[in-house]
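For reference, chains read A, B and C in written order, and residue numbers begin at 1 within each chain.
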Amino acid sequence: MSKLLLKGGRVIDPAQGIDETADVIIDGGLIESVDSDLNINESNVLDVSGCIVAPGFIDMHVHLREPGQEYKETIQTGTAAAAAGGFTGVACMPNTSPVNDHRAVTELIIERADEAGSVPVYPIGCVSVGQQGEALAEIGQLVEGGCVAVSDDGVPVATAELMRRALEYTRMFDIPVIEHCEDLSLTQNQKAPMNEGSVSTALGFKGHPTAAEDIIVARDLVLAELTGGSLHCAHISSAGALRMIRDAKARGVSVTCEATPHHFILTDEEVRTFDTNTKMNPPLRSKADVDAVIEALVDGTIDAIVTDHAPHHADEKAFEFDLAPFGIVGLETAVPLACDRLLHRGHVTLKRLVELFSTNPARILRLGAGTLSEGTVANVTVLDLDRTATVDVSAFSSKSYNTPFDGWELKGWPVLTIVAGKVVWKATT
Amino acid sequence: MPEKTIIMDTREIDRALSRIAHEIVERNHGTNNLALVGIRTRGVPLAEALQDKIKEFEGVQIPTGSVDITLYRDDLSRIAPNPLIQATELDFEIETKVVVLVDDVLFTGRTIRAALDAVIDYGRPRAIELAVLIDRGHREFPIRADFVGKNVPTSLREVIKVQCREIDGEDSVLMMEVDDFVSQYEDQGK
Amino acid sequence: MPKTKEVETNRPGDAGDLTWRTQQQAASLKSKDLLGIEQLDAGEIQLILDTAHHFKEISERSIKKVPTLRGKSIINLFFEPSTRTRMSFEIAAKRLSADIQSISASTSSLVKGETFVDTVRNIEAMYPDLLVIRHACPGAAHVLAETCNAGVINAGDGAHEHPTQALLDALTIRDHKGSIENLRVVIFGDIAHSRVARSNIHCLLKLGANVVVAAPPTFMPCNIEALGVEAFDRLEPALEGADVIVALRIQLERGGKISFPSPREYFNLFGLSRDKLALAKNDAIVMHPGPMNRGVEIASEVADGPQSVILDQVSNGLAVRMAVLYLLAGSGPAKNVETAA
């Protein structure tokens, strides 16, 4: 493989404390040097002046639907969507069909990702066999197969006892347990389709109270403290939950958490249109919760931005609101949404944005990535913060297009995605 | 100022109504089983006027009611917005009666056709007769009036407007061009 | 008689009708659909009530039919079972001479694999003029209205709205009390699950009433005050000085025994007995959307007593539904009020 030179960009690498205009040379799939006025003898020079050069972004919460539901998304289309969204790696959840509770499924996922050749996939295995919440899955085997974390995402780990054992057991492998925080009895076993609040009262929907999230967060924080295991709370949406996580972090509990763009941009008022692209779990919350999420993104309570990319076929979403499946796609909208709504509105700094998308997810998943240090694998995300474009689902690489953001004009887009020194996606101007 | 011709003034209307009242009683050989039914809206004050006159010279109060034909029109799907429905009041037995329908202007005959259906839905009258203040021709249905105040030949570009004191503040019959009429209508903001 | 094309198309109807029309007030609903009271303004509500008033008389004649909607095709699409509302719409349509067909689609369009939208498109391919839909899911009527050319009437979408019920309730109140403005109206029962409550709240507030809701805390939805009502967790304080009392049906089987222990406890605390009724004004009227659970939310003696107007509600329901069908189907395809002459 020949050398590649990224010339003239503003290099931001929080892990090394770098924020300066510099050139980056990539050789043999690794970062060779980051310095000013670099040159190479070959023709592989990409002019990235005016752009941001960051360690590759990682989305640590996506649903790739393969094996089993390839009509919604495959690993090939999902990783292509990731690359088009500026991501150089994704961690995929195990609620496929069959679920990823067996090493063979893990290996299949990694094999498919290699075949697709876009971005690497880091599988997340199940906590419990079949995600049934009764017995621990063969977590050791899953880790050897390539899993970077475990989760029963889609549902919470069924009992406190099982969660305790999972947190203890995973200490052997130093991997996090990622929890979908929802008390199922408070949401009528996921029948409540939207946030409980003035809007659900006006519309007559069963409500999903923030208390449902808070209760499991509280449970798991106690268990994390008890066991010393690594807890990561998925898609946090509630001000109450964030308050508890902030306190726990201050006390030194090993907890991290993540939030999605829709939870820092949209409120439950969106549901008044009855558009099923406003139905997801956790649901869109009140303005107070959205403000709390933004505050937590800034002050470090939230460690990572993720998409919870949940592709569904258009036919499935064309059902009555109560019956439609939860979730929206996110890989191709997350970065511009964060640039437009967090960065350009002055909520977060650029450094913080990179931490949320790259440095921290890499650290939480112990990937050794998330930095542009010399000698590391050359995964790079290049952003043009001044680029303005409109979200257009017809141009998506993803198979599905269930998103409420179609038609949104956003400023700040990825323009180049590099994985292991190879350009896997480039914006067409 | 739209050009209007006054076809009948207050006194001429009054004389016509007196004559019609007499004709009704004469044709029906008395007031037995007679009933007057005014077609909303301006047929109603005319029917009441006839009732008063018959009472004056015969000493008998003929039962008088009103019928709203909105629900029986044949052109509802062409009119937007919906006309407001008003009350139909027929407080007497239709069976055995000779019902005299009363309307202000007889034109295409469609209104009368609708009124016939409306009345018959209330019962089976012995007979139905028709009294109108003005007959302006241009029938589209085989309908004729039994009692007519005045025959006024018109062109289709013209409009006849009957005004009643109770509704419009004065009794008169006016004729004007359609366009003038339409713009006057719009001016009134209706 | 020969007519030139020019004359035909330039005439607004024919001039005779034009004369007729200027003598009448004309009015219309602004939308092709009736999805909820929330979308109506006070003027539209009054129009429906005034029109319904005139339709009452038809049901009292010996020939209970007018030819107004002859040839119009109405489909009752009931995804949730209902006898009374469905029957009420059927009779209303038939009294206006419309053709009406009732279809009970089970909510398992999911089970059959057919999407909701597909079910509706198939029916639309038969060119109905109006669709009446009842569904267990809030917003079902709205989604239908967006995808259909036909007018859509919401006959109840989950716990969200039931506009014709609120309209017939308003008509009943108006009949007995003259005007709705400033009346103290109490709605009590399982407010959280009640579409009747929500539609009534919107309707009564738009007509200027003071609306009070009362329910045990487990049946009171969160932040109901945001809708503009006063909320009580006991019935007695709510009833003080009430002009109108609306008792809602309790379905204890719905929440299991988690939200409320038993019918007996409910009747003791929240049942409208003669004693509790005495707290309201002497001439207060008692209403119930039906069907009633005697001895649970309402005592038999109150339901059958002199202050009860429950049966009036049923006949008014017929008149209101005739009015709604007339106003939405009577004048052809969807039109814009502002551009009509």
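Assume a contact is a pair of C-beta atoms (placed from the backbone, for glycine too) under 8 Å apart; a residue touches a chain by one contact, two chains touch by 3 or more.
Since this is a predicted model, take the numbers as computed values, not measurements.
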Return the chain label for which the distance between chain Cα mean and whole-protein Cα mean is smallest.
C
Once every inter-chain C-beta contact is counted, which two chains account for the most?
B-C
Averaging over Cα atoms per chain, report the distance between chain A and chain B in Å.
77
Gap in Å, rounded to a whole number, between the CA centres of chain C and chain B
37
Using CA atom averages as chain centres, what separation in Å is found between chain A and chain C?
46
The residues of chain B that touch chain C in their complex are 41-42, 68, 70-73, 75-88, 105, 107-108, 110-111, 117-118, 121-123, 136, 138, 140, 156, 158-161, 167, 178, 181-182, 185-186, 188, 190
Residue ranges of chain C touching chain A (in the complex, touch as defined):
107, 110, 115-118, 135-140, 142-143, 157-161, 193, 195, 198, 221-224, 226-227
Please name which positions on chain A make contact with chain C in the complex.
196-198, 200-205, 207, 274, 315, 318-323
For a test of understanding, state which residues of chain C touch chain B in their complex under the given definition.
1, 7, 11-28, 47, 50-51, 54-55, 57, 61-63, 65-68, 96, 326-327, 330-332, 335, 337, 340-341
